[in-house]
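Notes follow the structure.
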Amino acid sequence: MSAVSVTPAPVPAAGRVRKRRARWYRQPALMIGLVLLAVILFMCFAAPLLTSFNPDTQNLEQPLLGIGQAGHLFGTDQEGRDTWARLLFGGQVDLRVAFLAVIFPFIIGTILGSVAGYFGGWVDTIIMRVIDIVVAFPFFVLVIALVFVLGTGEKSIYIAITAIGWVSYARITRGEITVAKRQEYVLAAQSGGLSSLRIIGRHLLPNVITQSIVYAMSDIVQDILAIVTLSYLGLGIQPPTPDWGTMISNGQNFLTTQWWLTTIPGLAVVITGLALSLIGDGLADLLRPGTS
Amino acid sequence: MTGALQLEVSDLRVQIASHGGVVRPIDGVSLEIAPGEAVGLVGESGSGKSMTLKSILGLLPPDAKVTSGSVVFDGTELTGLSHSRLNKIRGRRIAMIFQEPMSALNPVMRVGNQIAEGPRVHLGMSRAQSVERAIDLMRRVGIPEPERRFRAFPHEFSGGMRQRVMIAMALSCDPELILCDEPTTALDVTIQDQILRLLAKLCHESGTSLMFVTHDLPVVAQVCHKVAVMYAGRIVERGTVSEVFGRPLHPYTLGLLRSAPDVDRPGLSLVPIPGSPPSLASPPSGCRFHPRCQFAEEDCKVTDPPLRLLDGDRATACLHYERCLDQMGTDT
Amino acid sequence: MGRMSFVLRRLALLVPTAVGVTIITFFMVHLIPGNPAVTILGQHATPSTVAALDKQLGLNQPLIDQYWLFIDRLFHGNLGQSLYYGVSVSSLITSHLPPTLWLLCYAAVIAVVISVPLATLAASRKDGVRDHVVRIVPLLGLGMPAFWFGLILQTWLGTKLRLFPVTGYGSGFSGHLQSMFLPALTVAVALCPVLIRSLRASMLGVLGAEFVTTARAKGVPAPRLLVRHVLRNAVIPAVTVLGINIGYLIGGTLIVEQVFAIPGLGSLMINAIFERDFTVIQSVALIYGVLVVLVNLLTDVAYVALDPRVRFDA
């Protein structure tokens, strides 16, 4: 390495501490993402405040109304249901399912990954083999096959996503723990006679969980896409429950005329995905050691 | 000074905008190289030596820039030159050798092709001609079986061999000046010696000038005629090697000499320089070396001494350089 | 010779994965407690249909025997009969495989053609305006449902502007090129965000490397520098990323085939789901798994071919 590097000689300590504290709200990506997500969540879950219409109420005398007509902000679909209301309430459903669907794989994957990483040996080999096999299938192929077996509806979505989604968390956690367990503080804990469970839970996990959290952001996006795609096919959220995927499917025949019926729910997915990705990126930058 | 100067660096200043504030790794550096000369640039890590070399060829990192001063090579001002014009000089008239050949060579490109690249780009040689030239160069730098090893990749070579490849690359277009950035620091002591002899011999044979950056004083003594000592972004002493190392006129040079082991006097205890290099964002007031200087007086804390020319080419930036002469007297 | 043995060793490692893939596809229906025939038939399960299916699929036998039968038939290329169409599943797969492969390759090419220049643009002036634009656009793409984008493309470029056919596979090479452009673009756009980000990151890493400074010091002009030195090194990790995301790519084809009515494996699978054609579902899932495994092998081989340092590693 060249003897002269670009980094300046040591800055007085006080200045450095001040600099680090200010960091998290200086990350533009993270802040924009959080604000955007907050807005989206507010809009969806405060839906009754934002619309007077019921998403399920059909009004067959007023189908396919245009934007702004008869008090419908985004018109109505072919059964006279208000699009704006369906958008908001549908968002409730999709977001709720997606967020919940991330938790189980997160927990299971982290546990299995920790065990595999910390203990190594045959436990590790078995878990890694299983991961290799699950990963060998495209995510959506497995999901759709499991939905076949389990039937349609919300519960099947949770089971299918959990059964397949845990592998990523397991891989991340295992990788981090395999490296972290060689650190001195782990050796110190082991020599202090602490149980493995305690070491993993209290000492290792808090340090390695950050990567999983960053990944979870992109995982939520992937889950939203999977839910919306399944619903588009009719295999996911079942009518009459509103949902963005069903909205897209309902509107697809009218793309040349009432194009907003399909375009707007799709945009909702894109913007939600954007917000979550921004948060994920911002977190990744923030939590990456050493850089700024 | 006889003949035209080949390279003249005048009061060069480079600034980096960093999170800790503005840093000035080079804060007023002036150097001269005449054709055929070998000039050393020594100093501790962080003194700005490598950055000086990089600024000559315009290879500074993106957040660093030259704020003032000039670098004149054979009559042409290099700072502020456009990339396309600079590229015609790089590799062709001024070449550079780097410290860590494993990371300085492209890992996925064959060694021979990397050597041949210069002639192809600058001398307009055909593929066959450049290959022939590369093999010839490899032979000159002492790489055995050059025809076969042409197709090798960098990771297949040892450290010393890789550095020979870098030397071959540097010589490939017959440059007038070679800049060396600690080329032997990463090598074994025995290999170091071989490489240094090779460099000295090749430069002597072809009349190429050399600017040799290192923190290792004996290396400079082996290869260079003249030397400049750098501290905290500035030159603090200049002169011929025998003068500067034999009769240092700056406390920092004195400190460097006393902290380096001397093969001829194995019993002499080493005296390290106390303290650590200053922050380049907020250097000490007055003379930058004064906090670590055993001879520091009141005026050293206040006045920032410029590099003053004494007789001949000798220069020093110490207000009380005669103290060093006294010290040297008591050492022997 | 080191290269060959590396590839062979990777091939050997894939065997247990391939075996696992067959196990999962086989055992899918047995996940639910109870008679698998009931699971398959769903709403149509009556005692007589259940009994008939049991007999047809040999579901009465012990599990291990069933599995061995499955594997044995597999090796003879017999994937069973389609419950819905009544023809052999292997014939269905053979006829539906080419369009999917076409779509995959086409999409991969388009994705590379879009991603490489964009990533290069972004990496060459880090934190510049171009860089920020190139970084934001993929974020939109990450959250975009492929089928929705496909529908939009279909409507605007197909129906309204009549630039491309809206559905179908087309005939002949140029027919395929035309018909498959929109679907391939849809799948590619789903892949680009990941590709652009990782290619940009690896290029930034390479651009900061010392050997690039050496090349600049040699006066190598910018275009040559970018291609022969930077890209050549940056593609290595990018190829790996492409390989890892191949599952994503393949999953994307599933739904896109449906939207554009392309007679590929994806459409076959989705129809089979609706018709509860279990044998087809099982076999198509198996083929997908095998495809991913093969592509991963290809990526490993490509990696070895591109990076001369790997030959000498374990």
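As written, the chains take the letters A, B and C, and residue 1 is the first residue of each chain.
By our rule, contacts are C-beta pairs under 8 Å (C-beta built on N, C-alpha and C of every residue); 3 or more make two chains touch, one makes a residue touch a chain.
All of these numbers come straight from a predicted model, not from anything done at the bench.
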Chain whose Cα centroid lies at the greatest distance from that of chain A: B
A-C compared against B-C, more contacting pairs: A-C
Centroid distance [mean C-alpha coordinates] between chain C and chain B, Å: 53
Centroid spacing, where centroids are CA-atom means, of chain A and chain C in whole angstrom: 22
Where chain A touches two or more other chains, by residue: none
Junction residues of chain C, two or more chains touched: none
Two or more partner chains touched - positions in chain B: 98, 100
Sites on chain C touched by chain A in the complex: 16-17, 20-21, 23-24, 28-29, 31-32, 39, 42, 139-140, 142-149, 151-152, 154-155, 159-160, 247-248, 250-252, 254-255, 258, 269-270, 273, 276, 278, 281, 285, 288-289, 292-293, 296
Touching residues (chain side chain A, partner chain C) in the complex: 129-130, 132-142, 144-151, 218, 221, 224-225, 228-229, 232-233, 235, 245, 248, 252, 255-256, 259, 262-263, 265-266, 269-274, 276-278, 281
Footprint of chain B on chain C - complex, ascending: 126, 209-211, 213-222, 224, 228-229, 232-233, 236, 306-309, 312
In the complex, chain B residues that touch chain C: 54, 57, 59, 62, 83-84, 86-92, 95-96, 98, 100, 103-109, 117-118, 121-122, 153, 155, 166, 169
